[in-house]
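To keep things simple, chains are lettered A, B, C and D as they appear, and every chain counts its residues starting from 1.
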Amino acid sequence: MNLETSLCGIKLANPVILASGILGVSRSLLSEVIRNGAGAVTIKSISLEAREGHKNPTVIAFDAGLMNAVGYSNPGTAGAKKEFTGLKGLGAPVFASIIGQDASEFEKVAEALGGLEFSAIEIPLSCPHTPGFGTLAGQDTPEKTHEIVRAVIKKTKLPVFVKLSPITRNIGDVARAAEKAGASAITAVNTMGPGMIINIDAKKPVLGFRMGGVSGPALKPVAIRCVYDIYESVKIPIIGIGGIMTGRDAIEMMMAGAKAIGVGSAVHYRGMDVFKKICSEMSEWMYENGYESFDGIIGAAHG
Amino acid sequence: MNLETSLCGIKLANPVILASGILGVSRSLLSEVIRNGAGAVTIKSISLEAREGHKNPTVIAFDAGLMNAVGYSNPGTAGAKKEFTGLKGLGAPVFASIIGQDASEFEKVAEALGGLEFSAIEIPLSCPHTPGFGTLAGQDTPEKTHEIVRAVIKKTKLPVFVKLSPITRNIGDVARAAEKAGASAITAVNTMGPGMIINIDAKKPVLGFRMGGVSGPALKPVAIRCVYDIYESVKIPIIGIGGIMTGRDAIEMMMAGAKAIGVGSAVHYRGMDVFKKICSEMSEWMYENGYESFDGIIGAAHG
Amino acid sequence: MDNYKKTELPEMVKITKIVYENPYVRTFFIGRKIDAQPGQFVMVWLPDLDEKPFSLSYAGNKTAITVEEKGKFTSALFKMKAGDKIGIRGPYGNGFTLKADACVVAGGCGVAPLANLIERLKNPLIIQGARSRDRIIFKGRFKGASITTDDGTAGTKGFVTDVLEAQLAKNKFSIVYTCGPEAMMKRVFEICERHGIECEASLERFMKCGFGVCGQCEADGLRVCKDGPVFPSAHLRKIKDFGSFARLKSGEKVAISDYAKWRCQ
Amino acid sequence: MDNYKKTELPEMVKITKIVYENPYVRTFFIGRKIDAQPGQFVMVWLPDLDEKPFSLSYAGNKTAITVEEKGKFTSALFKMKAGDKIGIRGPYGNGFTLKADACVVAGGCGVAPLANLIERLKNPLIIQGARSRDRIIFKGRFKGASITTDDGTAGTKGFVTDVLEAQLAKNKFSIVYTCGPEAMMKRVFEICERHGIECEASLERFMKCGFGVCGQCEADGLRVCKDGPVFPSAHLRKIKDFGSFARLKSGEKVAISDYAKWRCQ
């Protein structure tokens, strides 16, 4: 089965993309992920200055998914410029992910990473557990979304993906605001919640930041619904993320309206070769059901 | 271990309460649930007129929890008056749950059920999948919450519990609005999302209403965080609901700030005697850890 | 520890064969083996339309449901052809106990779950009733059934309950299994009570979840989907609703005749 | 199908016994049996403070970690008494392979995971180095170790690498296991390469998740928490960072000496 697809003019060998914040700290790890079958990879989000993030524990796994409050640790634009060189040599497109506390910070980061060989820039306006960023900074309103997208677009010629939060009400409106402002695609969704897990023997929340974003199986139905809503609201392509574990999950996300899908937590449950596994499971299902491309699949659950 | 507690002056043999919408359609089924160890029970929500609710499938179970879009099917106040007679004879407090499309409907339902032997009235402002009600009708804003609570309080002398949604941002503010308006307790939380599950072989969302509220394990960390936030915002007691399966989960919810806990989806996973099971697991943990009451437990994870 | 992963989601399965039992009833064989006890049921989903419970009339390697065309849902089912797919979840509920020296009393489409039972029993006495000759289901599937029809077009003219009374006068049974219109089952149960014979009846109520959480199907504190659909005499005695009341989709409890009317509209 | 229920949450376990190895190092035995391969580690959580990785220095029925007091976290651990509880999750990572004719080269606190290994090996040659006499750990736990100290206060004055060179000149080993300061391990590896001997080294990087998802601990595309912490020669050859670079908490890659300085602040 040929799983080739394209996203905003970017060619992908398959639609399974590494989500931001999982493994994406180094060029070599991105290369490993590509070797394990990802059609494209996203780096861990980069801010203007280096950030240490929250204290440990920062990532835990509970019954129904993962929870994290990494807190956007990253080496800043300076570190990123050293790390992410020669990306064209990796064999698959690499997407930048950039964050800022306001539109002007977003601008600066976009500009700083301009010289690198990224294929697109993703802007998450949706982290639920880092003060100053994402939903805690109100970046998920239609107004702020519009403002930030405009600012980034001024500074880059690359396609801009806007990453939304599942906790945003009327997510379709925000997607529309992003589209109007010139975004090339919507990435949906970031982690949910935030949630909290308390260790009752210690009488303390486990995460260093006390609360964190929920991903994995717990998030999947909410992510599917978000993508379904967004698909009814915009014409630009959607990268569907949230709890995708299997080829069937990926097809489900596409039927909700996603053109490509992102995978994060599944790396924990199924190993780094989950990308290959998902692709072969997709192929198998498509073969068995007589599909030769994603044409009859994307958005099929609508109407 | 003595698990007795009290909630707004209502004595409970234990703090484990049947959540609204699970099993609570008849007096005899409530009686069964009490026989199976519940400290109190909540009826399925009642509207002014009878409602058939959404078409099937209305309740499904996925990897990480349940999803439902029952759509508030209920026999209306007339049916409820016939069904819920002689409640004092059941051996545990029974809480009404009432819904309306606006404050005046809430008023009427509260009034209509006035003659019955309920121990409290719960008002869910938080259903995520029924047009005209809950979050789809914007009943979860501080303003609407205040208005509806005021209206209900005028018509009843019973304690009023306000049930909040985990998808409400700044849930603490809404809890404060409810407290200010005179609510006696906060019930937190209702289902999350909404979410959607698509059957890829049918290419269709499974639920009759396409989307539905997520409960069970997937909801737990979000519910814990909501209760944690509410505990920092109000002084009235909190009934913590969401994904409680075990005695340890119940203790965790109490450490987040709940005085009592609600159980719904666990009936699916552990059977109708889950109430007894949770109580004995709580007792066991308390005994092993030297607790004789809930004093050192409620809110223990704060500070 | 209990299993927290009981998913309850429909799976699309192919209809492999359709057997026309009579002008009103068809048996749909499906391409999935379901190992179920006689008496258990599945929820059948027709995407975009609805989902309803149906007893398994065959289980194991050849699994099937037998359906009477009654309303919107079953009409849609009757339009389907072999090769089409329907959603299935389950099996749900409990089954009949399997005992020797049994008598089986079936009314109309109620023979569906009983047929599956009969094939696992040793020489049961079978009393099968239908309104008329053209409504008899599973003709020839089991030998030696005493047939009754309301109009006398086949077998004895009269009701299954008449045959049951006559049989009980001369023979001994350890148990009577029954499924059919609830009024009929109620009469069968009363006859059994009079003769001091254990009875198991398969009840039918409007269902939503099918796995015991919503409460919709309750009958006097018992969930028909989970504690039933098959109830022993001890339960039947306690269920005051049995033969008298059932709940509409809204949960409103009405006389069983009103329930039937609502179901027929 | 793969298991979707791998929870990774700390469990509070009692410290059952504390052994003072030397003025700077203590072994904390815990009241939970952890069946781990030598070389595997656990994440230790001190609520409200932080969570850090520690190798198991004993595994199985008596499970322990051996800790050097270095900073805020280990100081807090050193204030704890038997009976106090710490959070534990794991074990994580891979272990050393178990081979005959082995040589074990331990530097400082690096002897912790190796001690656990030594007890499962048949007569390995043990070379254990420390800065000075009072810094030697596990004195008497294994017999016949060649001790070196930087200052000559015990054993031979000099470095473990000197002893290793001398041993390789006269003896044959199938493998050399090593753990200690990374500069030391790098030298050990280079010596092994020169002699064509397989080497396994246990690397240390700043960790967050510990189970392979965050990428924080990566070294040239390998995750120290998941693909390591024990790496065979084939990997060590590929890891250009080995002995040269490591990442700060922010993910910034710096010279290993700067990393050490940051860790010491």
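Criterion: a residue touches a chain if its C-beta (ideal position, glycine included) is under 8 Å from a C-beta of that chain, and two chains touch if they have at least 3 such contacts.
Model, not experiment: these values are computed from the prediction.
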{"item": "Given chain C and chain D, the chains that contact each of them", "value": "none"}
{"item": "Chain located farthest away, centre of chain A as origin (C-alpha)", "value": "C"}
{"item": "Mean-CA-position distance for chain C and chain A (Å)", "value": "50"}
{"item": "Centre-of-Cα separation between chain D and chain A, whole angstrom", "value": "35"}
{"item": "Shared-contact residues (touching 2 or more other chains) in chain B", "value": "62-63, 197, 201, 203-204, 217"}
{"item": "Shared-contact residues (touching 2 or more other chains) in chain D", "value": "4-5"}
{"item": "Footprint of chain B on chain C - complex, ascending", "value": "2-12, 43, 45, 47-52, 85, 87, 208-209, 211-216, 218, 220-223, 247-253"}
{"item": "Touching residues (chain side chain A, partner chain D) in the complex", "value": "21-26, 28-29, 31-32, 44, 50-53, 55-63, 66, 68, 70, 73-76, 79, 82-83, 197, 199, 201-204, 206, 208, 217, 245, 264-265, 267-272"}
{"item": "Chain A residues within the chain B interface of the complex", "value": "62-65, 67, 135, 167, 169, 192-198, 200-201, 203-205, 210-211, 214, 216-222, 224-225, 228, 243, 248, 251-252, 255-256, 285, 289, 300-301"}
